[in-house]
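Chain lettering (A, B, C and D) follows the sequence in which the chains are written, and residue indices restart at 1 in each chain.
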Amino acid sequence: VIELSDLKLVYSSDLADNVIKAGNFDLTNNFMLIGGPCAVETEKQILDIAKQVKKSGANILRGGAYKPRTSPYSFAGLGLEGLKYLQEAGEAVTLPTVTEVMDTRDIETVCQYCDIMQIGTRNAHNYSLLREAGRQDKPVILKRGMNSTIEEWLCSVEYLLKEGKKNVILCERGIRTTETYTRNTLDLSAVCVVKKMTKIPVIVDISHATGRKDIMEDLCLASVMAGCDGLMLEVHTNPNKALCDGKQSLRPNEYSNIVFKVKETRKFYCVLHKSAV
Amino acid sequence: VIELSDLKLVYSSDLADNVIKAGNFDLTNNFMLIGGPCAVETEKQILDIAKQVKKSGANILRGGAYKPRTSPYSFAGLGLEGLKYLQEAGEAVTLPTVTEVMDTRDIETVCQYCDIMQIGTRNAHNYSLLREAGRQDKPVILKRGMNSTIEEWLCSVEYLLKEGKKNVILCERGIRTTETYTRNTLDLSAVCVVKKMTKIPVIVDISHATGRKDIMEDLCLASVMAGCDGLMLEVHTNPNKALCDGKQSLRPNEYSNIVFKVKETRKFYCVLHKSAV
Amino acid sequence: VIELSDLKLVYSSDLADNVIKAGNFDLTNNFMLIGGPCAVETEKQILDIAKQVKKSGANILRGGAYKPRTSPYSFAGLGLEGLKYLQEAGEAVTLPTVTEVMDTRDIETVCQYCDIMQIGTRNAHNYSLLREAGRQDKPVILKRGMNSTIEEWLCSVEYLLKEGKKNVILCERGIRTTETYTRNTLDLSAVCVVKKMTKIPVIVDISHATGRKDIMEDLCLASVMAGCDGLMLEVHTNPNKALCDGKQSLRPNEYSNIVFKVKETRKFYCVLHKSAV
Amino acid sequence: VIELSDLKLVYSSDLADNVIKAGNFDLTNNFMLIGGPCAVETEKQILDIAKQVKKSGANILRGGAYKPRTSPYSFAGLGLEGLKYLQEAGEAVTLPTVTEVMDTRDIETVCQYCDIMQIGTRNAHNYSLLREAGRQDKPVILKRGMNSTIEEWLCSVEYLLKEGKKNVILCERGIRTTETYTRNTLDLSAVCVVKKMTKIPVIVDISHATGRKDIMEDLCLASVMAGCDGLMLEVHTNPNKALCDGKQSLRPNEYSNIVFKVKETRKFYCVLHKSAV
């Protein structure tokens, strides 16, 4: 049993004044709209998508270079080459970039090419990785493990904070349940609970939480009203040919429609709660 | 394995034109705001609460007379006496009433005193009860089993529809997961999925889904934006003395504040989606 | 939260001296070997199977007359007719019989025709049914709910005991998890824990726990060594034509082979633990 | 969705003739009895325990040097120092040793000091670690992720096999469910299923699966009859002072009693199935 009183850092009020930046972009005072493909596939692919998500209103570009795949025979990402393409695309459209890191040995390289590190659901309790990521300057998006309790998730954040890190963002991405009509079960209560317990921003990865395009818009709007600080969505210019997660990837126009409604809803949320947009 | 093609009734487009009424109150064209105590405790208690929830904007009064309790030593409801008090309170404030029925032998009595039957999570797969409830005139609110998949939930509805029933409402109330910071895990994706699959109204029981008052408002607003057709919340004038579920019961003023924001959010939802309020 | 100290009856040492009988057959001092089809289909079918399971070494005959089926279009049992065929078959081969009861209104009839009532997984928290079953003379086999914790299961037993009942048998039948290679996840730890906590006999329904014939023998033997008091297995003379659960039904010769090894293992268990067979 | 036909290596019949060795000890033709503390704490502690488990009949010594702990403030192991103490203790009692590795950067060191690498439940889907471990000579014990399906577990093994590795052992250690009376839910069906699907040996970690000493013996014997190839148990000479998992650690005499009954049961298993001990 964990003594919650031990988790001093995650509950610290100091985090309230914390401003998280990715390059010049202020992640704390902007509602984060992260879009991009599951994986960087080619130089052209990521550049094309980058242009589209920028036009659609995204303010952060995502793209995987190191992909954790259940089967060893699935496409596992382009590695360093993918990082370079992602960096170029981000610079071309002036969007900060985020990519997953899976191995302590890759952290330095990832930080060199990318603005935000992501620690994925399968590595949410990879404590070596958390410790090493906690020692870097770049912000970290920490996804919830697919079977993590909120308590365990907060313990994983504490690993990051313990290394002196402050620029951390949490990402709910659905938990695994016995339900089969959705890829995972989006747990919006967790977003609300974590927002009550800590001052760390919490975003939602709707694509992995649902795995179904037909309900993504509704759940994006629901997440905004639950009080989340940003949304991550997978976007691809050619979902049918995507090397990974094509079925759940939005086309740019679909993404654009969602972003429009998300922005309207965020405005309404701020008015209703009398807070700054 | 269930052949989904067998579930003809639940997917029928006929249900779209269906108007569900509780007495004179039209449940289809009004956003349902169900409030009231977990259990009817005394004549005075339910009348007091009825007045308060009416004033707060509720349009349906809830109150349990037959309570399914995990322990045989917990308060199990007043039975027939409770039904009578609930009916009186409903009439006094002109609100239709809803109460749970657990036994085929009680269905007739419940229908005599109450406007809407509720089939609870523990009886979501009690097929004898479903069959018998399906033969009655009064509307049924069918809660999702705490461990039911969406598919199994729809199969349970089909049991009701197969008896010729049309006035059915579904109620998401959280599923059981390994998370311990919330009583259950609210599954808003299920609301969205069910709304895509069938024309049956879907409401959300936020009290049982969360078990925590501090996140109820946020999740009510999230549920509205997810597209639900109503919200059920437990309200008590003296939560500390409640015989059941006191900890998760809202005080009338707390309920009132939530109802206000829910109505604002519902208006915004309808404007955004260009639909009638 | 349930006060476990409230569950006085289930932890009572009085149950230790309790002898449970089905007709003349002593269920306490014999390792229970329950075999038979999922559902009684015809007079001939149940008689044929009864002869076979008797020959194979079963000491109790099972057969469903009221079947809880997820889809309302699946075969739901022959009802009263099924009870009569089951009774005839049991008498023909001199085996006590067990059948599921799902509705308070059927309890009297079931007790008239059958030696042991079974309360199934879907009704494990149907408290009306538990209360009514608790008032009858015939023994009850209470299955664990597919999502019940051990604590909730013991609370359900307490409902039976509270009515004055003593002849109760518990049945572990697997719990639902995210694993898909087995129908449910057999929880043998629960058998061990319950045996430590109470003096009530615990049997295991291997057919529903696994849903796979290829691993049934191994898990039967494992269950014996875990200390269970009996095993329930579905047997059918023509699994391919079974109206229900054919895929997981053993052929009589397969059942016979398992019973032989179960008996050998039970003998070994008793020798190792220096207890009476 | 994983194409199971892709997992060629894990289903290969070549693995049947595979002899796995840890030093001179043949893990394939001996029932593995792994005992030792959760964590190596001091030079004396591991040596004392090593002597005791050897005397009790263990044939492999376990001890953690790198400990994955949910809270960053829990004891995380002695690291390299722990590896050295473990090696010394193993040599002193001539037992091969097993220890967990968590970081790709530690693999070489672990292989230098230890006979068998263990990949723990939190890293069961750490694909970088699997790939790197797959390139080493030393055998690997791969635990099942606490939320892994059997399919995902086999995919993780395939990662190891794909690197050319053949000396792999699987370890069931319970999955997380909603049950709270046991630490995890031991899934013996998974042992049986995996044994049917692949020729890879499967052992069971009873300590983590149950977390309760009172049921460990029964579940060890059940696991033997389910057909497992070995058992892992935590043993400590002073459980109350253990820095990790004390509550579930067996005292040497308790371990000794279990090993005796395990050996008797294994003999019975082999006689019943007419196989070599």
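Assume a contact is a pair of C-beta atoms (placed from the backbone, for glycine too) under 8 Å apart; a residue touches a chain by one contact, two chains touch by 3 or more.
For clarity, every value in this text was computed on a predicted model and none was experimentally measured.
Undergrad: Using the touch rule from the top, work out which pair, B-C or C-D, shares more C-beta pairs.
TA: When C-D is set beside B-C, the one with more contacts is C-D.
Undergrad: Farthest from chain A by Cα centre, which chain is it? Let me know.
TA: C
Undergrad: So, what's the distance in Å between the C-alpha centres of chain C and chain A?
TA: That pair's centroid distance is 48 Å.
Undergrad: Taking each chain's centre as the mean position of its Cα atoms, how many Å separate chain C from chain D?
TA: That gives a centre separation of 35 Å.
Undergrad: What are the residues of chain A that contact at least two other chains?
TA: In chain A, residues 147, 176-178 touch at least two other chains, as defined above.
Undergrad: Flag every residue of chain D that touches chain B in the complex, lowest number first.
TA: 176-178
Undergrad: Enumerate the contact residues on chain A facing chain B in the complex.
TA: 147, 149-151, 175, 177-182, 185-190, 192-193, 196, 209-210, 212, 214-215, 218-219, 221-227, 261, 264-265, 268, 272
Undergrad: Would you pull the chain B residues touching chain C in the complex into a rising list?
TA: So the residues of chain B in touch with chain C come to 2-3, 6-7, 68-73, 76, 102-106, 122-123, 125-129, 146-147, 152, 155, 158-159, 162, 176.
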